[in-house]
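For reference, the structure discussed in these notes is given below.
Letters A, B, C and D mark the chains in the order given here, with residues in each chain numbered from 1 onward.
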Amino acid sequence: MTDNILDIQDLRLSFRSHGGVTEVLHGVSLSVAPEERVALVGESGSGKSVTARAVLGLLQSQRSAQITGRILFEGRDLASLSGANRRKLRGTKMSMIFQDPVSSLNPLFRIEDQFREVLRRSERSADMRRTREVAGKLLRDVSIDDPERVLASFPFQLSGGMNQRVMIAMALVNEPSLLIADEPGTALDVTVQDQTLKLMRKLADDRRAAVFFISHNLGVVREFSNRLYVIYQGRIVESGPTGSIFDDPRHPYTKALLAAVPRITRAGIPEIEESPEAFSAPCEIHETAGVAA
Amino acid sequence: MNRAVQIILSRPLSIAGSVLIAVVVLSAAMADLLAPFPDHRGTVVDFSNFNQPPSRQNLMGTDLVGRDLFSRILYAYRLSLILGAVVLALAVPVGVTVGLVAGYFGGWVRFVLMRTTDVFLSIPPLVLAMSIMGVLEPTLTNGMIAVTVMWWPWYSRLVHNLTLAEREEGYVLAAEIIGASRFHVMFREILPNCVPAILTKMTLDLGFVILIASSLSFLGLGVQPPTPDLGSMVAEGAQYLPDSWWLTVFPGLAILVAVFGFNLLGDALREILGTEQ
Amino acid sequence: MPRLLSGLLACALLALSALAANAERVLRLDEVAVGELDPAKASDYADSILMFNVYDTLVLPRQGGPGHTPHLAESWVGSGTEYTFTLRSDVSFQSGNPMTAEDVKFSFDRMVSIGQGLSFLFGNVESVDALDTYTVRFNLSEPYAPFVSALVRLPIVDKQLVMNNLGDGEGEMGDWGSEYLSQNGAGTGAYIVKSHNPQDETVMVKFDGYFLGVNERAPDTVRLRYGLEAATVRTLIAQGEHDISSQWLPPEVKKALAADGNQLLTEGGTGSFYFKMNTMKEPLDDVNCRLAISSAFDYESVLKLIAITDEISEGTAATGAITAGMFGAKPTSQALSRDVEAAKAHLAQCRHDPSTFSVEISWIAEVPLEERLALLLQANLAEVGISSTIRKVPWAAFAGMVENPDNTPNISQIFVTAVTGDPDTLLYGMYHSSKAGTWQSPEHLSDAQVDMLLDAGRAGETDGERESAYSALNDRLLTIAPSIYGFDSQAVFVARPGISVPALSDPNMAFGLDTMGFAFRLMEIE
Amino acid sequence: MSAVLKLLAGRLAISLLVLAGVSMLIFAIARVIPGDPARIALGPNATPEQVEKLRQELRLDQPIWLQYGHFLSDLSRGELGTSLYTNRPVTRDIAQFLPATLELILAAGILMICIGLPLGIVAAKNEGGFIDNLVRVVSLLGVSAPSFVWAVILMILFAFFLPLFPIAGRIGTQFDVPQITGFLFVDCLLTGKLDALADALWHVALPAFALALSGIGQAARLTRANMVETYRRPHIEMARSYGFPEWRIARKYAFRPSLIPSLTIIGLDFAAMLGNAFLVEAIFAWPGLSRYGVAVILRKDLNAIVGTVLIISAAFLIANLIVDLLIALINPRIRHGRDRS
């Protein structure tokens, strides 16, 4: 159909719970082209994180989750793949960078152990020497000067920024074609966050990986992404090239979001006045002239 | 509170727990009305009708002197519940105060108080209670004292840990900055935040106190006859197994039902109040 | 499937036990913990079983009748304050050492020096002289008629073996070998201690060199286990895993086992059950109150309570203060019975108003039957207008409480047996004013006439003198009613079919002495 | 590793302090017993002189603090006095009875871990499902009845109505295992008597299970709660995002971290089992220290009470030390010192 890395078509998602069924996504469609950096922006609870998890195939195995619509990864429908085959894609063809680096790494194992675990997803027989070789190089790429020390450490022995870089390096071990980043660095302070994004952008460019970037912060996205989708309460409300949206926000929610940008607190959560009626206006699509580079 | 009721109602197990407890408490409270032979809680002998299996007249059979087992179990419930309530009423304030003081003051106060607590906790509970009962005469009052002595340290440890965490919270600092008295900070600021955890533990413990008390009576160190007591009934009946099974099975089940009820409810409370230990 | 499995297992077990039975005759029995192996410290039933099998005594009670027969002693002469015994010369200890007069003297010295167990029986013995290798003389401080009967409680230990194993202690005799004898046997008895764990089990094996020889159908190995629960014994016997129960099984359990086809063994005539009334504390310091209570007690119901089968019961109707069959006992036709009217009449004469007092009835925690007896008495008393409370007392606490009349319960319950089979050892400790305030004597009785009669019975030269003294004592005790004479107790044991214990099943073979029936050498296993 | 040693040394010091406290507490309790232990021990017919002699031997005529001093000096020589119950040195009684209890508790502990943990894991994997609720009911039931009730029920079911298990003692009477260590399992192995070992294991099964039931319930509940909590942590999601196999995630990412709090409770449960062993040993005629403990408490046997309680408390403290050590080994945060974060 297309040669997009990722194509999401009319994704609907609901969860069953004690209280009944809660619909989270009401038909989300989006796409990520090769080497493109696409951002999905929305408040917490808007459905952006579950979208990322659905892409990874993490929700499909949950009994309480009901998913309809199609998720195509490199042209293949994830729903048509077996659980095992879906799992094969994770960590190899696509990998994810998480919000909180310190708690996302296994607290009980050394960094090198965790690298080896990841490396073995593509190289079954990778031993510790091979691991150190691969990981050492990657760690240097993420500007870690003493990879040996870092590899021999436990996550709790490293700073937050350090852990974040470790996680980025880890995500790149198997040279994925799609990198999903879930608000990377939000748990860290602003300067570290900034460094992290720059690093990620550089590394993705070097490796020609596409990035699907999730954030609640339009300010961060402006620097980083080629294209962006704004999501509100499980619906895409505006989409288009980043510049175009920033220059000409059309949807009331996007406008509200933009207005909130300057007030970046430490936690980076924009405060938006609630006016649901206006926000539920139909989706605004900025036409794209070809694929942005 | 509505949320709590809603959550309880949404789980079959917590409903079951509530129902069990309701049944136990009601039958204890209305023992006088429900018991077919209320006078059998005391001294009655009927050697023409002793050690009889369950029948229409005696739903759970009769004991070794011809008393109706069902009536006696109802009264035993009353006693167990009173005992549990009294023990907790004594142990909780002591334990909570010790824990609060130790956690809030810190330093050597904490060292002395918590090490004392450790001393009590490092003697297996039953052994401690037995030693105390061995010294005192086995009566209901002394039984309660013995169980109380072994129970308070658990609360002081719990509250101590909670206090350590709460002490760092902003509201405590704020109160201190305005110059509130230590007493005020401990009991008016910190304590209310510990209440959910204490409450949960109390629900669970009510069951466990009944358990320990029955274990003590099983060893002959508890309530004295003719007062009906579940643990003693099991202990006495156990000698007549398997022929006179009803002597053991019904009192044993009675313990199980009561404690199980409190456990189910405590478990639910723990989730509702978010007080995972 | 589970049924098949358990069936298979049962078959396997049967095959196994059949094999074991062919290989050797094993006797398995149980008693309460702990088993005290040191004969100088032996006092209760378990200890006595050990003592009578590992050790021997100079004399034994005559089977099926009164009097004593020679055992380690060949013969004896003496009366008053001097008794001389000639020992058998063909007896050797399990160690191989020959048994001589020195051993007898040593055994006596050891018993008295340690001063525990039943050593009080020899309080009147001043010294023992070994006259030659096989002659030994006991010198008494005053005439003591039951002396010969007391000798059934003087086990003879192997002096040489003990001297080789003395432990630390004060004086030249160190610990008198206590440490060693608490773990090992040193007797002439028919059974050798193979292993001993006082809380678990004593294993004994037949001693081939026993001086009387041992019946080949007698058990080769005996396993005496301690502290089995009633339900456990019930199950084990039902499964054929246990041979003889202790007497402490509740009557209902014995009944159930008897119904399964097991036999009941009995041992009686040596003791009784009493409700003891504290004569030094209000309101039972008044004899009329005591008489009211003894008359109010339901002697018939209690027999119903302890009956096991139609023929066999844990007791027979009491006739008075002295157990039927002993000197001074009433004929069995004169059983005591309840008399409510008399009780009310006595109560009216009592100087304490029944509406103003409540009597405390205690029961010994280790004897559950006593709880039921207490409840029965409580109900009986309520009928004549006396209120009462019931209190459970562990034995150890009871032994402490009774020292002081103020702490002694109004009514306590005790089973008492004559440790030598002689009425002196039954009655003296209970009723003599010099012995007041022990677990046997919570009456704290102080009655000059009773004291006089007890001393007369003890000093009596002939059986006739003793009979008349005890007969008068019986009457006196019925008049002043320090106790309710509940029933004459009879120990009942359950035994698997195939075990033959004549001394406990045939009255003509009975010893008239507690525990002697458990001499394993006289048992037979099919 | 030095951090672990340091931690252990600290814990050990505190444990010793606590043990000293326990000794004082139990010593005080044992000495206020009403009634004269010497009188009780000697029986009804002892003369006042005999009683007085024993009182002096027991030092009951001295003030309590002097008695405690003597007790400490005896203790330093490894003596705990003579038991009035067995007439033997308390140390010898303990040496004879403790192995049986430890064996029983160890067996129960193994059952608790081998049944409780898997139940908890299965429940956590099926959170909210039928199996989860079933496990919850079963484990709550296990906690809800005293071990003596379970002991009686198990005995009736599996020894009487369905005679599958033996009900009394540590080993069948047909076996003759020489005492080497006092630990029957070890002795069987040392002497190569495997059939005896099998029989001993068969004997320990029911009492151990009765003893373990509440522990199994506790362990299952706790493991479930911790696993559920751990499964919600980000590092599990990260592991999933890398497509690691589920079993590997369960083992390496979920189970190991959730084992840490479980281990603490297992340590505490040891205390409960030491206490509950009193009830179970009585029913299964298990010749252990707990049964001895009940007997000596009922008989007011001072030396034996003090000795037994001290040993049991020491065993409990040691169990907790071992747990602390295990946790330190599992948790690198402790192994490598906590202050470096």
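Operating definition for what follows: contacts are C-beta pairs under 8 Å (C-beta built on N, C-alpha and C of every residue); 3 or more make two chains touch, one makes a residue touch a chain.
None of the values given here were measured: they were computed from a predicted structure.
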Labels of chains that are neighbours to subunit C and to subunit D: B
Chain occupying the middle, per Cα centroid: D
Centre-to-centre distance between subunit C and subunit B (centres being mean Cα positions), rounded to whole Å: 43
Whole-Å gap between the CA centroids of subunit A and subunit D: 51
Whole-Å separation of chain centres (CA-atom averages), subunit B against subunit D: 23
Multi-chain contact sites of subunit B, meaning residues that touch two or more partners: 220, 238, 241-242
Overlap residues in subunit C, where contacts from two or more other chains coincide: 229, 231, 235, 365, 394, 397
Residues of subunit D whose C-beta touches two or more other chains: 34, 152, 155, 160, 282-283, 298, 300
In the complex with subunit B, residue positions of subunit D that touch it: 14-15, 17-19, 21-22, 25-26, 29-30, 32-34, 133, 136-137, 140-141, 143-146, 148-149, 152-153, 155-156, 160-161, 221, 225, 229, 271-272, 274-276, 278-279, 282-283, 293-294, 297-298, 300, 305, 309, 312-313, 316-317, 320
Subunit D-touching residues of subunit C, taken from the complex the two chains share: 2, 5-6, 9-10, 13, 16, 20, 26, 28, 33-34, 36, 38, 41, 43, 115-118, 120, 178-179, 182-183, 197-201, 223, 225-229, 231-232, 235-236, 238-239, 241, 365, 394-397, 399-401, 403, 429, 438-441
Sites on subunit B touched by subunit D in the complex: 12-13, 115-116, 118-127, 130-132, 134-135, 207, 211, 214-215, 218-220, 231, 234-235, 238, 241-242, 245, 248, 252, 255-256, 259-260, 263-264, 267, 276
Subunit C residues touching subunit B - in the complex, by the definition given at the top: 229-231, 234-235, 250, 252-253, 256, 301, 304-305, 365, 368, 371-372, 375-376, 378-379, 382, 390-392, 394, 397
Residues of subunit D defined as touching subunit C within the complex: 34-36, 39-40, 42-47, 50, 53, 85-89, 96-97, 152, 155, 159-160, 162-164, 166-170, 173-174, 282-285, 287, 291-292, 295, 298-300
